[in-house]
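The same chain A turns up in both complexes below, where it pairs with chain B and then with chain C.
Right after this comes the complex of A and B.
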């Protein structure tokens, strides 16, 4: 009898001391696949690549509620407008065991700045980097950079040795260790990225034991997976799903401000969009307010600027009135009383409601005699056309990743990236880029937005709310305004 | 005299009804494919619209009437299916007869090309082609014809080989009848019946393939509502607006079943006339 009791006691206690803390793996399905993990490569601005990199790497500083917070840098100062000095954190190790020094930060800046695409345009004013000692990094600029710390917050640090090894290679062929809260366990580009917790993380170690980031291409597939407990978290959900998901007792739906907005650009390099009256006519012809209210009742808000209200430099203007007569008059003033024929390109994967928005606009334009062919394209084709300015009109969503107007306005409207260039807007935008006084920068953006709003390089219909849906077992989910959440603080029960 | 019960006429009857709907339907309704009305989006079937009319099959995510889209879509989908079926039949029959008639290494070479094409899944070829050619109705017709002609060519070659081995063809050859005369008077009449049966079967495959292309976004342009496109439009609304995808889906099923039944009827009819499937 006693031995039976003993055996029973052992049997009961076995699970208690044999299974330690249960593995807490976060299962995530972002809206688009993670194509590579190179934080400095041409895909460095892709939303979900950026999100994956935020788990694996650390930048020197991060922004928290608009204020810079030290990460791999413990202190920084700007002795003059062209010089920044960073003190590098001691005792940080990369995933491969190397200790972090200022040389790694210097190599990371140089690696990013010397390629063409991705985040490199943020570093065009870089003169040189110096490392007088292993804890000090000096960045020298050719011109002052107003949003410098914002740009630094997107610079992920990799070891100097790995950067050297990678040489001129960027993108999917490159694997670089980071210092982040998670390290790569396995990666199949475009499909699954498995991360495991970095137990020797320099900051508070993550409570999760790992993350599985998988690609579920269809929105319905992602939502079904979430409802069936196959994934824990997804985001960028369309308005029509929000109401249904809110009713589900197993799920939390969080709607937060975002730095993402819809735009519908005109190509001013092509006729008739070189005439601002044509661009204004097309804006006045659409009842943007109703369209946004009908298509995006929960997740959208009528835009009042070409950036969203959470972005530094935001300055609201009066929305364009829906006025068909005015639109017709502007068109005939521009010599097009009978309208014209054109096309609108978009990639359905750029936003859940993009096709609806495009078709609604086209319906309104048909009423002023402008015949528009909707042209949905595969994302890579759409992106290539966008870069080559191979479009009449193009519609998409766009985030201000650094949450500073310079990232969006300074990058897109001074360099003909959008096909648009105006000496006046450029004057304000370049001045704001070089101004280090943040108060003065705000005034300059107000003036620049005035010009852009009336000159209409595109229609800016709506700013979006960030929608995250996750299982109730999760807490402390980072509701990133740019859909690039960090999971080091996320907890799972 | 064959005994025909009313049951055998269900297939052709439904098919005829769809053809009539496709021809007359779009004339009965006032549908502008470009026009949307976001005020009346996602209304369930039998809802009353602000203008007082009823949306019998509901509205889609842009407030367009689903019934109107199905009527216009019937014309688009059936039109595409028939056009690409005929196109495939023309090319397939020409190539197949050529291969069967010439025989030898030329005929073998043509057959190997056909084998290569048949070894690819047809929807893969369609997706591949559609990704490279800008979307239009003509593109869809050509793409779908490309996926179907090979099977027709095989049939045409088999019939040609069978016919040319007959003694009356040999007599015709010896008597100096020109090739085109032999083909039109001996080969084509023998090919007509099996081709019609195969084409009917192909028609349903083409309708389904068109819907699949539309579903993956490679079918007709967004402003042309084929059934596949309407189904695709509704896929993100399956849980809150089931009618957008379901109703055209049911229409496709009915049509494909009707075509299948009609094809079966034709096959039996020809079999009774002394012809058997090869």
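Right after this comes the complex of A and C.
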């Protein structure tokens, strides 16, 4: 009793519990905190930063079901492979009242391109931008960029004056107005971001009056907050939670295709993984289909390519058969009839059920004489080892952020980033990177995936599903494949 | 007295510097790289090298330390690598929450542990005292993450009385406070009880009884004051720890204090922020220790002479 009296006494010093449901405010808890709002900063590839930015800013072009749709650009054309001309939408105003012109788009491209990290690597081929008049933007490239419009869809537009004011500063120290459906009301980095509807939005005004994006770091906390009506929406939930939440009558659980896939790479720079037969043997040795069905029944699906089905360039191949005899033969052909000893690195935070997945693989490998030590590592250590190619085998998940094969295949298998390099795969991948005809690009990726699938730089066990759980009062929730939903169309009852 | 205080302050500053140096070196030789985490797997090696230089991480550790200590002496603790904001502002913006949680926890501990401790000492051997001892043994053994999650399950998920986390209202303070307070109550209660029993056996208490002093007066003026000294020492250390941020409890209950900031920053190797949190922790422990020393002098006049 005394502790309650005391608690009551302490409560006097802090504001009382706010009423849980205000007028059409969407309360969201993403899996990780929003640390800054700079769309061009080093955190630009963090999913939750992009998610927040997608409410505040607009890009020139957006993709809808794989097709480009004009946002701040009303039209675009490509007179030659190195030139793109955009017509900038008239009558758009930034949150600070300035009118949008081509100079703003040009300044945004320049600001992003000269930054390091984040989304800047998508703009390494930029030569220069020109603005012949306030409605026309010309982007000139040093070499053709196949996924150019995809890259443009991740470029958020800010006012030229604000970009100039920010100078060399990037990250949380910078606040830039956008043109988006919501504007920033308050922001405590890493904690709470409050957005309010932009009533003078150039497009259909949002139905929500505001959004509160809060940080709940623990999964249990996020789920409890959802069940208790403290938040309306969260995502990236593991299988056991999906099963439990589906039974809750107040909630909707939506499972949609995602651009995120699992990989378990071999380091071809190290013996014996330089021999493709060893890599194939290890793939054949695992009953991947059963493992995925057992560990990720709701949230995963057996992969048929090193990218997922929603990504441009996807071309499904036949999954590797579970064949222990074949695996043993491949190993002995490679001169390792008695197997060998190696390690598998992973970081427990890098994927759902990753530890169980790693251990399942390891137990299958033991049956062909390959002894593997599981090596769980803290995220910064795992990341550093990955970059330094300081691993025999490493397992993780990876999103195709632009939803184009170039982001994943073009980046990982042409630069030794994965330790893997094949002249044949590189030929197709680099050609696809520079090809501007999207039909031809698709064919090139089909050929590249053929090489990658049979050469096995890694095992590609599963493509993951995007899992969103939200209160029944919400409708039109954007089930983004990269966990970066836009809320301008979301409605709340 | 003034020379004593000055001496303590000088020692405090030297201790802080030693702690800063030790943690600075340990952090940097720990595996993992803040720049690789920050720039992600898309960045080229050249970009990584550039960023390392920009943050001064390319210098030898001792040189980085000199630069850091030089700036820290002017209370400039650098910028967060991940967020680009001032570490001082970042840490200080999280500190009020930690302070509030530490204060409410210590308050609960004092209000509950001391009277119950004295009660069990006086009723030594009776069933009430056995029950309290058993309960405090259980409370002492409860790990914080377990108590925290179980409380969330019971009070927010099943009963829906309290919010599961955050710091939006006073209600959010209740569960983290109880989680932190339970084991501390157990420790302090047992300590208070043991000390009271010891003092009750002392010759001067027998003497006081023989003089015919009333029981209440003996307890108040002789027993409690003497038994309190070790409890103040332990309580001071506990308060120092609480002020440095309760890492586990702040994470479980999403309480936006220094502990949560620390754990998030360690996870991305944001060296300057980790360093800033550790300095605050060191400082809290040192300051509370000093206050405890001063408190002795209030409780027990014998310390004033020494």
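The rule is simple: the second predicted complex is superposed on the first by the 456 of 493 C-alpha atoms of A that agree within 3 Å, B and C clash if a C-alpha of one lies under 4 Å from a C-alpha of the other, contacts with A are read in each partner's own complex, and residues count from 1 in each chain.
Everything below uses one rule, namely that contacts are C-beta pairs under 8 Å (C-beta built on N, C-alpha and C of every residue); 3 or more make two chains touch, one makes a residue touch a chain.
This structure is a prediction, so every number in the text was calculated from the model and none was measured.
Visitor: Touch test for A:220: chain B only (first), chain C only (second), both, or neither?
Guide: Both: A:220 reaches chain B and chain C.
Visitor: With both structures placed on chain A, which of the two partners, chain B or chain C, ends up touching more residues of chain A?
Guide: For chain A, the partner with the higher number of touched residues is C.
Visitor: For A:171 in the superposed arrangement: first (chain B), second (chain C), both or neither?
Guide: Touch status of A:171: second partner only.
Visitor: After the superposition on A, what does A:348 contact: first (chain B), second (chain C), both or neither?
Guide: Only chain B; A:348 stays clear of chain C.
Visitor: Taking the superposition on A as described, I'd like to know which of chain B and chain C A:244 touches: first, second, both or neither.
Guide: first
Visitor: Taking the superposition as given, does A:288 touch the first partner, chain B, the second, chain C, both, or neither?
Guide: After superposing on A, A:288 lies clear of both chain B and chain C.
Visitor: So, does A:362 touch the first partner chain B, the second partner chain C, both, or neither?
Guide: So A:362 only meets chain B here.
Visitor: Mind working out whether A:374 is in touch with chain B, chain C, both or neither, as first, second, both or neither?
Guide: first
Visitor: Could you pull out which residues of chain A sit against chain B in one structure and against chain C in the other?
Guide: Comparing the two interfaces on chain A, one with chain B and one with chain C, the shared residues are 218, 220, 378.
Visitor: Under the definition above, what is the set of chain B residues touching chain A in their complex?
Guide: On the chain B side, the touching residues are 34-39, 41-42, 61-62, 131, 135, 217, 221-223, 235-241.
Visitor: Given the complex with chain B, which residues does chain A contribute to the contact?
Guide: The contact residues of chain A facing chain B are 218-220, 223, 238, 240-241, 243-244, 290-291, 294-295, 348, 352, 355-356, 358-360, 362-363, 366, 373-376, 378.
Visitor: In the complex formed with chain C, which residues of chain A make contact?
Guide: Its residues touching chain C are 2-3, 6-7, 10-18, 33, 35-36, 41-43, 45, 116-118, 121, 169-174, 188-191, 214-218, 220-221, 224-225, 227-228, 230, 378-381, 383-384, 386-387, 411, 417.
Visitor: Taking the complex as given, what residues does chain C use to touch chain A?
Guide: So the residues of chain C touching chain A come out as 31-34, 36-44, 47-48, 50-51, 80, 82-85, 93, 100, 104, 107-108, 111-112, 149, 152-153, 156-157, 160, 163-166, 168-174, 177-178, 181, 251-254, 256, 260-261, 264, 267-269.
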